[in-house]
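Right, one structure below, let's go through it.
Note that the chains are named A, B, C and D in the order they appear, and that numbering of residues resets to 1 at the start of each chain.
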């Protein structure tokens, strides 16, 4: 058990340590029922972060996710009555469309993803504002319960949201580790030139990565919209930075090729624990944000696996 | 006539009824214990956690709200720190997650006052609280189909402000000031927020009686000073001297507008909303024509108080009439004439409110259109 | 005057240097040769301060010194001319020359560009390079850049009072013959002021220039040879620790290709600004080598054939089919394999393991409904590890951690296992040690025997002559002359150089 | 976060195309300035009003130019700061926090020292700049010493900064009413408020740092090739930390401008500067992977973004459409000013 062997597990160690610290300060934190509720609640953020992982994994970033989710809450609310549960397909289609658009602009027009995704996000925001008429919309409770009521049920005490999250995590984990797309992603992330020279269609891989990111942002938007039983052009605001933080803290740095979806699960849980810590440790309201930032710096400094950063740290 | 005077009179009146009200509260509770349904049905807590969940501390409006919450907690003989703050930073997701975390921490032994950041968010928050056995009172944001009386005792109350009427009043003050002709612009809040919509509607209602005034443009400034500053600059470019009055959805927007006008050396009357101390000063100086005080201090205190007193069983919400479950908060107009008086009475010496007089200053049951 | 005593250096799992004694006199030119991984670059890095030794001392004129970073080494008169281009491409030539030492031109916080330009001109004159110091470095040729590197190190002459030690790490690898001679001339002229440590994989060059040669193997100095006693084969034996096949390039194993099957036809193909009107046929089993200096268009032809760049006119036919769509993906689907020059960044994916790298170009053969068949991948990798003698602890080893030779074998295995019929080799032996080079030659022969068409851009002319069936000489993007290169009737070095320059 | 490789092996330069590319951001700016008046002309044309293109334009007027300039000023200062960082190939996302902290501390000190520039309160200005510098220094220090990518450190530092500003103010806003300080906005020379001239001066200083000082040139060296710069004996850690410190100082300058513009310092003063300033830098033609561009590019980029924002309101574009149009125009601007021949891929 050398130090080096432990490195990939640093994020997990950080998570466990934080959990223990919060738990010691307030043993109520360890209550399983409470824990499950906390985890179930972070699900939309987790889903968004999962998608974002793909963009960051290839060395890019996707800043459009929040706006895509905003747009999706509006789309879901508007079309739920008409299409019922089939609105899922519209949602996934629209998410894929916007993600692909980001990817296309990035790869074909050579616009850095930082800017292209931000700009595509603005477009999504416009759509959301237009479709919602700039009002907060809400769903008819019966329609919602008929189509998506099951999402919030429980089986043997386990919220279905959590089950959906686990299924999605397994899905992307399979995608990342077992499928040829995952392999291609890894190649593009860790050695783009070699991937090109091996004849991979690198642009297609990247576009697909952004597409996946868009789809997951859309699913997160859908979950959120159904959960809140409504939608408007600002509903998902505040998602973006926590999602980025979750991916980074989990150990997928922006240099690409390192980390992955399991790391993001860990990162999301870390974000959850830090947030819960504010509540459990009764951190003063005005100090919460500063404390969050400081814990974040410490967590990242401890967590990050520098051996994979290959020398230069930008 | 002074709006202030009227309000203070109403206030004094209600103070006179203090004993009566508290007697009702206590005896009501006692009666419930004796004749009410089994106590197991409605969990009552001896010392529930009291929490306020709101957007952020960067807006003075929320500071006022919180000061009310803290004043209420102090009235119980506890220290300010007893009030738990949940700050959602404009994120509905965090708003909900924080509430759930607190529910888990307190096992539902919680009296929560909350503005859910966005209307759709209210339902899951209420549902979570009801499931956990906590008592929740909401402020401002909720969807029209969500009502406290559908949830028994645990969704105690909802308070909002009918902004359409007051906004119409300020609009009339503005339109009179410009002589009933010319052009006005409106800078709104976040477009989908209820108050933003109502305040614009208020202006539109007023305009119906002033056919010679044209609404040149209305754009959202997201409650933000800097954004308002930029939007106003755009308006000035586009409409220039056609602008003879500005209607702002709140004070913070007003500050940005004032500075934009100042940069141009323009002197155009403006009206705002919310009655922040700084805005009141500006009204006193005559830079703002009128603003509307919604008494966030009282709103913040009474929302927490309602949840708390329901939680400890001092009254049983389900036995209250609808107008005690959903009601409008008080509004006070502030014009240059009474700004100083107002300031002395409300800002420099914050009145000590009776936090068990739940509905005294309220403004009637919420009406839906 | 400069001396290393019993230097030791450990890296995790490796004893990189062991009791190394090394000294250099005033004005001396010392050669340092050794296989890749023998410890040459570690030793260099200790000398110029990038690494600190775990044991032993460094002395200058009898005084013990310690360098915490390259800057301190420089301040002690030690300069390094790097093998990899160390000039920053977006800066001007003069900024590069004085990088880190701009203060001499700064007055009241302001840089005096005029003074810097004049000073840079003086430095460039030392290496007989006549270019505008305001040129952006990116716009220079590789040879020019190498000379600018030397000019940059020579600024030590002005800065440092004492004698200098200048390390030349593979300075000739990107130079044309003429430029090499110029470089040697400059180095000899400078021995009045500086001593040189010269590292090159071209042993003949080391022999030509050096007064003394250190041979390093497995982290130990195994021999020090005086110039007069030195002999190429003896040094090679010492480096490798075994006899080298006299027929280094396996010429006796070269078989004429018999096939008349034409794999590739270039008909009057041009790529604007890179090459013009190139025509040739590549047959099955043929090794066709493109010879020319840097910038003669050799690589451009490879890139066009692989599909990475679209030709501007002419027609390219692969196996009789005209190529209309150019992309690397399309290249792979036409059974072309490409072994790039930059092995570490274009050849293997650093961070992926052996089997992942091997199947990267042929994912579609290993997936079913998008799911990778990992056992199949592993068995393929195991088979090729054995077939090519790849030294790796397991198929799970990160390729970035393997030696250059093994990396190159993995790249080759990637294309061979994928059934490529045409393989493009761009400097396949660059940076490899002798043993690994031989393995690569062996593989080229074997591929040729198996009817694979090979288009080669060789590292050295000897290599080109030794390996090819056919040689095409290019100059400035134009075809100069073709040579038939059958065993026994090979063209001489002179024949080729004559047409190259 | 981004990586690039110069394409091909040919250093051949097509000069005309290069010149066009070099000036592309300026072309974009010029076309936008000419584009918006066309919409105004069309509008009046449909209404049957007389409208002489450009001459009668409300958008294309000195008054509006000064409005755009005022709107652009704080953003320009912040974008200049982050330009240095981006030239180094790093990124700094801490501007929102740094601006808030600097603004709030400035206002506190200003009020405490008498509240007028005529007295000792002028000391608040250097103090604010120092505070910005310290924030930047901490940022750079953690980034370099703990080897944490700048994206992550600065993102977290942004939270810390905003949080710290909140702790200081407790959520209150501080009004800075001094007429002398507010003359930044209220006093005009040649139609432009003083703050525009101050900004120009700051830009000049930044340009001077960038092109005439060692540290400025070293930013380019680090951005062009960090390993190479280290090998050349450059103390890259020092350059990086100095870069972040310098950026912090410019962020603080931006904070002063923001306070000067609206007369209020609060925790929210820094809001919405992060994405827009980086977008402006990229639109101006500074490459996110470092080594290319500069503060003059940033000036053009900031102007492009502000001209778009102002122009959309002036031509009366519906509010819901504005975000989308901004997005599309930003992409267009970046596409037009990117030399696609020298990049083989972008992330």
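Remarks
The rule is simple: a residue touches a chain if its C-beta (ideal position, glycine included) is under 8 Å from a C-beta of that chain, and two chains touch if they have at least 3 such contacts.
None of the values given here were measured: they were computed from a predicted structure.
The chains that touch subunit B as well as subunit D are A. Chain pairs A-D and C-D differ in how many C-beta pairs are in contact, and the one with more is A-D. Comparing mean CA positions across the assembly, the chain most remote from subunit B is C. Our note on geometry: subunit A versus subunit D, Cα centroid distance of 29 Å, whole angstroms.
Here the CA centre of subunit A is 43 Å from the CA centre of subunit C. Look at where the CA atoms of subunit B average out and do the same for subunit C: the two points lie 73 Å apart. Not a single residue in subunit C touches at least two other chains.
Residue positions 57, 191, 220 of subunit B each touch two or more of the other chains. Within subunit D, the positions touching two or more other chains are listed as 166, 170-171, 319.
Pairs of chains in mutual contact: A-B, A-C, A-D, B-D, C-D. Those residues of subunit A lying in contact with subunit D across their complex are 58-61, 63, 105-107, 109-116, 118-123, 125-127, 129-130, 134, 192-193, 196, 202, 206, 241, 244-245, 248, 253-256, 286-294, 296-297, 300-301, 304, 306, 309, 311-314. Those residues of subunit D that touch subunit C in the shared complex are 6, 8-13, 208, 212-214, 217-218, 220-221, 223-225, 228-235, 291-292. Considering their complex, residues 56-60, 62-63, 191, 217, 219-220, 224-227, 229-231, 233-238, 240, 255-256, 259, 262-265, 278 of subunit B touch subunit D.
Against subunit B, in their complex, subunit D makes its touches with residues 58-59, 61, 63-64, 67, 70-71, 166, 169-173, 175, 185-186, 193, 258, 261-264, 266-269, 271-272, 309-310, 312-316, 319. By the touch criterion given at the top, residues 1-3, 5, 88-91, 97, 142-144, 146-153, 155-164, 166-167, 170-171, 226-227, 275, 278-279, 282-283, 288-290, 319-328, 330-331, 334-335, 338, 340, 343-347 of subunit D touch subunit A in their complex.
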